[in-house]
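The following pair of complexes shares a single chain, subunit A, combined with subunit B in the former and subunit C in the latter.
Let's turn to the complex of A and B:
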């Protein structure tokens, strides 16, 4: 079976998890290419106009995979942490695909509730093989690859902290900060300007209490607490236009940064691809950060 | 300690039963002035840019009530609703769950010193009311009983008004009768009297014309469905064009469907002589199109659209605040249902820039289209699988 994985949304949350899972099951994995002009155009065409860019993009990627595979992976992330839940727009992806595209395509769903991957994975793996040992081996390999990835990210974070350069923390959903085409290469732009760009997905969250019920928002507040205990020069919050979660989270992030007197810039993205506006703002922000140090 | 004067956000006529209950329990309440464009602009000025319309209107309400002497802002969140197993309701995956906390932050950053009372956030609604009012459980239950009854009666009165408005002879007669009826309702605070009320009598004096009205179902986001000022008084607009409006998701229905507690839910059903509509039914109707909850009332919108189709309605109107997480998610699905069944569905999304003219034109066109379809006897598709 050819299994298609859209390189968007959940892929960026756990880049290796699902690829490893299906490869270990002996299936051929087709990964859609990184977002490009064609995919973005497809996203705008198929996506709902009031969705955020990321949810539009997932449909662009699905349209690419449509005739190249037998089934598309769409894990149902109800909640990636105990007692918290995910963005509802994620959950609707398979059902909405059925409504948007005329072609029928099968979806491979895996329910993840309270951050528990195993039960859903076991069920999904069972449709491919009945052999219990194989299933357990596949699951443990897949989860290991996720843990390894996380470990590598944390290592990178520690290395970045030790760097001499000024550190700019980029806060945002993994699928926003790492989709370089969609965010007009923000990370590279920061590096070109001699900044160390720390992305929040590499930060191990500090223990904290929060009323925020979305797993992502909750994690962000913990990661913010962690980076604030180090010497950072500034924060860029990167979100998609009409992101429901960020509409709630960002005011709290901004408030926290105001208390710590750290410059913060909120960049909002949509399918617009003009780079000039972005360059001006990044330049201005970098200048601000440098000027504050001199003062 | 200073005396607490409470206020609450406006959401349709829901302030009326709340005020009744509060007065019965000896709590001082200031009702914010009716929502105008100024209220909305005021709220939008202090709210985060990306937040949905209801939040902005609510902040506007608070700030205006503050000028009238309120010092404690009250809000209600149903913390039981919205989880994966519980299904819909406002408390879960949707942004409403975080409204209370964000309101506090917004007020703080606006430099306003107020207290907040977020009811129901951690369950234990009755306990919270006890703490605030210092009254006993029995008294609280009595007050709630009257309030819940009133919620339902107001809803039924509104529904009657939509029916009458579509066939009224003199434009405006129904609205006048409705206001009078609501005034009568608000004047009553005993359960027995409320129970014996004949709502039809409010509309007895309205002259009607002989015509078959169009029937339009309304689905969508809860606040937009309830608060006329946030949807450009769309129900009145439709009524004046000769269309009868109906909605499944009223306040009473929502409270019953997602009660703040099991015992309280049972009690409410008993007070209203109504059974609790099973949640599984909604899920089952929506299933061919949507297999899981997407928070808020997204799944209800899908199920209700199908319900309206099956009940022979002429069209469905889908209302949402711009960027609403659950409703934006189900929008492609509603479009698909419309296509599959050859059934008109119009989606309107609202934000703080409200232009009544633009909405009116779209509504008039929509009504024209469905009237034409009806006259031509446009064929409706059979349900898949039937």
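Let's turn to the complex of A and C:
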């Protein structure tokens, strides 16, 4: 079977997890390419208009995969941490796909609640093989690949902390900060301006108490606590327009940074392709950060 | 020795010339009808109004259209409009704490402490609540934009106009006019709504005065009045308020310490410039590349995501 994985949403959180899972099951994996103009245009055409750009983009990636595979992976993440929730919009992807595309395609679902991947993975693997040893091996390899990826991110974070350059922390959903085409290459723009861009997905969250119920909000506050214990020059929060989870998260982030007197800029993206607005904001932010040091 | 500042915004182009002591020699404000013709025409017109013994030793460019104009004019420094505005304002109001600037398509609030920018807010996804909206509404009502402020101050009754979105605001204003409300009352309602929306979006950290208000919108007395009412404090409109970005850019050029300026002279009309745009077919991104040509040769190019066609 040819299994299609859209390079969008949670792919960016654990890029190897589902690739490993299906390859270990002996299936051929087709990955959509990084977002480009064609996919973005398809996303805007197919995506339903109340969604954020990231959710629209998944339909752009699905439109690419439609005639290249037999089934598409659409994991249903209810919550990636015990007692907390993911964005509910992702759960609707298979159903919305049915209403958008005339072609029919099978979806491979895996339900994840409270951060427990194994039960859902076991169920899904069972549709491919009945061999229990194989299933357990597949699951452990997949989860190992996820852990290794996280480990590499943490290593990079520690290396970045040791850098001589000014450190700018970029907060955002992994699928927003790492989709370079959709976010107008923000990370490269910071690097071009001599900044060390630390993305929060590489930061191990510090233990903390929080009543915030969203996965992202909770994790972000822990990561913020961790980076604030180091010398950082500024924080950029990158959101997609219409993101409900960010609407809850960002005020908490801004409040925390105000307490620490660290400059913060909130950028909201939609399907912009003009870079002038982004460049003005990034340049000014970098100027501000440098000016403050001289004060 | 003189320094030229050019601020190319989405709605207007501003020029300022200063001497070594940062005294303003003159300024010019023009509507932007396309970067190349406007900058060309502006340079020629600005030259006309300047004394004859001008010697430009440095040029600063700012504004959202600075990318091309810096090549066109031969600028030595290129800084963002936030920095340019802050530098320009600090010259006249050294202890300014908050700068309110409502431009054509961009609105900004700049926070300062002891002459240092500590933060800024710019409108995010939408340019609603900026000057261009007022301009298009005035056009629709067939009133010169320069009269809107004075007319609005002659209001008699409070009229509330939806302010969240300018599409709704226009509908609301037109509807109220059609149902017999006085023009002056509706215009004041629009100005109040614009300021209310602007402050709600961008001014969420309350800082103590002194406050300044600038950009071409600061000429609108009703907007200034609405801003003072809603802030509950006096708002200073600094000299050359419409051209402070250009003035700031000129100061930046002066402080840059340029020894050999790239300035091409005021007579840009002698050069033949063209803009060309095409879609790069080298990869799936199909970037929209725009180039500026001088006598058929590209002298600046941008729009390429991978960077290979940017120079």
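By definition in this document, the second predicted complex is superposed on the first by the 295 of 295 C-alpha atoms of A that agree within 3 Å, B and C clash if a C-alpha of one lies under 4 Å from a C-alpha of the other, contacts with A are read in each partner's own complex, and residues count from 1 in each chain.
The definition used in the following text is that a contact is a pair of C-beta atoms (placed from the backbone, for glycine too) under 8 Å apart; a residue touches a chain by one contact, two chains touch by 3 or more.
This one's a predicted model, so the numbers in the text were calculated from it and none came from an experiment.
In the superposed model, A:143 lies in contact with neither subunit B nor subunit C. Legend: residue contacts after superposition of the two complexes on their common chain; A:206 is shown touching neither subunit B nor subunit C. Looking at the shared chain after the overlay, A:287 reaches subunit C, while subunit B stays out of its contact range. Using the contact criterion defined above for the overlaid structures, shared-chain residue A:161 touches neither subunit B nor subunit C, since it reaches no partner. Residue contacts after overlaying the shared chain place A:78 against subunit B, while subunit C stays out of touching range. Residue contacts after overlaying the shared chain place A:30 against neither subunit B nor subunit C. Touch criterion met: A:247 reaches subunit B, while subunit C stays clear of it. Common to the subunit B-facing and subunit C-facing surfaces of subunit A are residues 241, 268.
Of all residues in subunit A, only 33, 36-39, 181, 185, 241, 258, 263-270, 273, 275-277, 280-281, 283-284, 287-288, 291-292, 294-295 touch subunit C in the complex they form.
Partner subunit B is touched in their complex by these residues of subunit A: 48, 50-51, 76, 78-79, 85-89, 91-92, 94-96, 98-100, 113, 211-214, 239, 241-244, 246-248, 250-252, 255, 268. Listing the residues of subunit B that touch subunit A in their complex gives 48-52, 83-84, 92-95, 97-98, 101-102, 105-106, 109, 289-296, 298, 322-326, 328-333, 335-336, 349. Of all the residues in subunit C, the ones that touch subunit A in their complex are 64-65, 67, 79-83, 106, 113-114, 116-120, 122, 124-125, 205, 283-288, 303, 305.
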